[in-house]
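In the two assemblies presented below, chain A is common to both, partnered first by chain B and then by chain C.
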Partner chain A sequence: MASISIESVTKVYPNGFEAVHGLDLQVDDGELMVVVGPSGCGKTTVLRMIAGLENISSGVIRIGDQVVNDVPSRDRDIAMVFQSYALYPQMNVAQNIGFALKMKKVPKAEIAKRVKSAANVLGISDWLDRKPSQLSGGQRQRVAMGRAIVREPNVFLMDEPLSNLDAKLRVQMRAEIARVQKRIGVAALYVTHDQTEAMTLGHRVAVLRSGVLQQCDAPQVLYDRPTNLFVAGFIGSPAMNLFEGSLNSELTGVALGSQHIGLSSDVVTLHPGLRRFAGQPIVVGVRPEDLRAPSDDRPGAAFVGEVEVVEALGSELLVHFTNDAPMVQAEDSNATKGSRDQDEESVELSVDCVARIEPRHEVRQGDTFKFSIDPIRLEFFDPTTGSAIWE
Partner chain B sequence: MSRFDGTATLSTEMAPPKKPPKKPPATAAGPGLFGARRRNKSRLVIAIILSVTSLGPLLYMLSLSFQPNGGLLGATVLIPTHPTVQNYVQAWTENSFSHYFLNSLIVAFATVVITVVFASLAAFAFARYQFPLKQTIFYFFLASLAVPNLLLLIPQFLLMDRLHLLDSLTGLVLLYVASNLPFTIFLLRGFFEAIPKEYEESFRLDGARTLRVLWGLIVPLALPAIAVVSMFIFSASWDEFPVALTMINSSQNYTLPVGLADFIGVHTVAWGPFFAASVIATVPVIVVFLISLRWFRSGVSLGAIR
Partner chain C sequence: MSKMDRLEQHSASKAPVAVSGRSRRSLRARRIATPYLLLVPALVIYGVFTIYPIYRQFDISFYNWHIFPGVSDPFVGWSNYTAIFHDPVIRTAAFNSFLFIVITVPIQMAIGLFAAAVLTDHMPGSMFWRACIYIPVVTSWVVVSWVFSYIFASQGGVMNGLAGLFVGHTVSVDWTAQTWTANGVIWLLSIWKGVGWSFIIFLAALDGIPRQLVESARIDGANEFRVWRNVVLPSIRGAVTFVTVLLVIGAAQVFTQIFEITKGGPYNSTQSLMTYMYQQAFSNFAFGYAAALASLLAVILFGFSAAEIRILRQHDV
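And then the complex of A and B:
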């Protein structure tokens, strides 16, 4: 058991592409750290550098107290779950799970015992004689996990292990991974592009963008206090609505298009940094759940929009609406992820804003709907640097 | 004019069997039943012609080997009227034929094993590592494929002479390995490269060293390809004649093809035993082929290992 510490690690590929830039990250023993970011942000490179599958251009990686920069993969005692699982096709499930132990020259009886117990934990005891090609995606995933837990590694690495599963199985296996990680209790690094996985699994989440660490904190902190526009747009689904607004000079309100949201003195107390932006443009962020349907017991500032689409999810309604408040599309935010294959960091025009309201409200397409915003829930960002405005 | 038309029609009729058209003829109004049936028929005709041309001599050989007293070369009856196995007995017992058979078996198996081991090592390096002059060296290997083996006969003879390996099975194996290596490396490299890298990475993380990766992972995964090349190498070295004839002098070191040639005397040819020996000589190749046949099929679906 050991912690992982990454100190000012940089990775430059031979073609000059800098995949990771001056990364500092510490994963404590027993902690599950999730590295999340859009594709091409360097998260997998980080994982591969820890595993020793990729050289480090500069910096130091330690596992426990040992600097492992030049230690070959096989001597790092790392278990890794690959995106493709990489189960050895020529071996059956039991051989797959026991292979690392065989390499460690563990006695055969001991291997059989440990394989059996790992298989029991994961509920795969019935398939030990099968070849990987005879297993379903979910079963393969379990075998890959079994391979990792049986060897009681120093460090546990996972590279998008759920991306090949269907949605239902993914939720199920997510819980399984959390359980397994807790059981083996070692430092674990989990890489994903899915912010839901990151939020639900990670004790802490590191958000990476273009090889630069944006923020590393507990999931709730990332959600409540994103450090910049990128994190604000990336964490949360649907993504945070970001508007170009302008703060009035008395700090009593912010204009979003033709609409005006009044700000109480509490808001300025919470965000003292707002004083620097008096009378200036500012980016205002609102989480979809903070755009409520108006109700008597929760007073708030009114925000009107024309409803474009209503998505009824049963437990909630996602109301897509537009108004004349100009929107800011955070780069690589969730809203654009689907359509973006390469790591193009362009600012795109947003389609609409999203509100998440309770299902009992009657909202129809074409309606002009009056949402209610509690100003204390607003987030503010510097429009030039993108940083969140707090102090 | 009509004559010309006739030949023109004939040529279009004849064209499809030689080269099955990829597109259906424009006149056929789409890929209709009729067009498909005609294509199938022409395929059948080609198949029959090819099987007759390749199986015919084989059957003739088989037939003659059972003809009493060597039969007559001009025999037109395929099924012998008085079949006998005397030729086989004679072939196996005279002329140390069984000894040649054993020599050939040793040479062929040794060639297969040594070639596959060395080619796997080289192909693995070409497939997975970066080193200076990698492509140049690889092209150098490929270029050697373009040199006809017969051209090398004299240099090889001189080389073997200097190495004191003339008239020895070891020397013969060495030459066969050398001539089979380039093609085998070329073929295995392609297969090795198709194996997803993650398997190898996972293997290394599980504690395997490089050679273990090769023999424990890459080779088992490429087994279909290895079975196929093994078959090629086996039949090539089993059948090889000119090099063996040049390098081997003493009859105790004769391989089968050279031994077979021994049946052909200066004045007389014992046709019956000769054909019986030929039949025996084809058996191992057929056996090896049948064993590797199942790999031919799975070799095609190597991509399924994902």
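And then the complex of A and C:
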């Protein structure tokens, strides 16, 4: 068992495209780290570099204490689950699972024992004689997992292993992966573009954009204290509402269009950096669940909007509304423009605001609805750099 | 009449009317007959140019058949077939054909597979080398046979010229006039001209192997030899079978290069089954005997084709 250490790693392809830029990441032994980001952000490249399937242009990758920059894949003692599962089509399930052991010249009896044990863990004992073509997507996924765990690797890598499964199976397999990773207890790196997978699976989540690490933290920290506009917009579904606002010089309120949200001294205590923006433009973020229906026991600042669409999800209502507060889209912010190229698939933010409220409220399309905001729940960002304003 | 009126009139004429049992039957018959009618031209061409010649060849093989009108063609039963087994030249021709298969087919496949493995998209200049390997395939057999005849000519041939440079005096080996050197020239030409075909099939097959399969094997600890043995070769098994069977069938019918370079000589020592068959029919005018030989070869090749279909079905290619 070993940790993974990525130090200032950069990957530049021969055509000049820089897929990963100066990445620093540490995955501790037994930790499940999820790398998340939009398509083309370089997350799979990171995984492939750790696996030895891509050369690195600069920097150092260590597995345990060993620098593995020039170590071939077969000598890195890693296991990897591919998006397509990459099962050997001509081999049956048992042969697929036991292939790595066969390559290590493990005795046949030992291979059979370990294959059986792995199959029991994953509940695939009945399919050991079947070929991959005779299995469903979920079954193949389990076999791919079995192939990875049977060899008791130092490092466990997973490249979007659930993306080919249907939604129900994905939820099931998510729990399965978490269980297996806990059982084998090795450093695991999991790549996905699905933030739900990232939030539910990861002990820590690294958000990548255009090959640059944006933030690496525990899922809840990522959600509650995003370091910049990109993370704020990327993590959370529906995404955080981001408005162009203007902080008054007394730091007692912020103007969002024609509306004014009062700020208590607690807000400034929590975000002392706001003092630098007194009387200046600022980006204000509010999570959909922090835009509530007004109630007596939850007083807060009023924020009015005209309801455009109401999505009833049973347990909650998603209310899409508009008002004159100008919205910020993460890809339009200065911070995300920067000097680096834009992602091909940038974060999609709705052009209207979204509130998540309890279903007992009667909200109809066309209504003018008064939402309640607890100012302490607001997030603030520097409109120039896109960085979150805390200290 | 306005356009609208005309449209209404047209719709009225298309209104459902009671269809009698007889016309319904006629409609059904027409529906069934249509596909067969469409097949007729292809079937006629196939019948006239394939089925009938096969039948005629089989028919002729039982006669002492003459091409000249007015000359009688006596029925000889199976004697043309029994004669095949007593003909010493047939033994040489069959041996040469067999040797041609076992030498040219594996070498073509090995070179084709090696070239396909090396000339990947990542290799600089791969398109140029791919073209170089494939160009001989699209050249004419007759033309390249003539070119090879000149290369290996005893007087002024390129090969003798090169050999002369090495040994320091004039060399005048008559490559095509001696059995084994002549066979060597024929094999060399056939491999050179044929290798591009297996190369292109293997290139497509290798391209079809998912990259992640090979990467997965590497991560699983396989070295390059094991990757090829356990992942690559099993993945292209269908292509290997396909190339093997078609090359064997093609090699069993080797004709043009032998006909152009040695004409089966010297003393029938480079004859193949096809060149000997041709010689029997069009030089010796023993059409019945040649037809019997052709029928026998057709049966053998039919066996190969059946094996091919069976094996290909097994591997879902």
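To be clear about the criterion, the second predicted complex is superposed on the first by the 373 of 391 C-alpha atoms of A that agree within 3 Å, B and C clash if a C-alpha of one lies under 4 Å from a C-alpha of the other, contacts with A are read in each partner's own complex, and residues count from 1 in each chain.
Keep this in mind: contacts are C-beta pairs under 8 Å (C-beta built on N, C-alpha and C of every residue); 3 or more make two chains touch, one makes a residue touch a chain.
Since the model is a prediction, treat every value here as computed from it, not as a measurement.
Engineer: Overlaying the two complexes on chain A, which is it for chain B and chain C: clash or fit?
Structural biologist: clash
Engineer: For A:A51, using the defined touch cut-off, is the partner it touches chain B, chain C, both, or neither? Pick first, second, both or neither.
Structural biologist: A:A51 contacts both chain B and chain C.
Engineer: Which parts of chain A are touched by chain B and by chain C alike?
Structural biologist: The answer is residues 51-53, 72-74, 76, 78-80, 82-84, 86, 88-90, 99-100, 103-104, 147, 151 of chain A.
Engineer: Hey, which residues of chain C end up touching chain A in the complex?
Structural biologist: 210, 212-213, 215-223, 226, 230-231, 234-235, 237
Engineer: Show which residues of chain A lie in contact with chain C when the two form their complex.
Structural biologist: That would be residues 51-53, 72-74, 76, 78-80, 82-84, 86, 88-90, 99-100, 103-104, 147, 151 of chain A.
Engineer: Name, in rising order, each residue of chain A that touches chain B in their complex.
Structural biologist: For chain A paired with chain B, touching residues are 51-53, 72-74, 76, 78-80, 82-84, 86, 88-90, 99-100, 103-104, 133, 147, 151.
Engineer: If you look only at chain B, which of its residues touch chain A in the complex?
Structural biologist: Answer in residue numbers: 196, 198-199, 201-209, 212, 217, 220-221, 223, 304-306.
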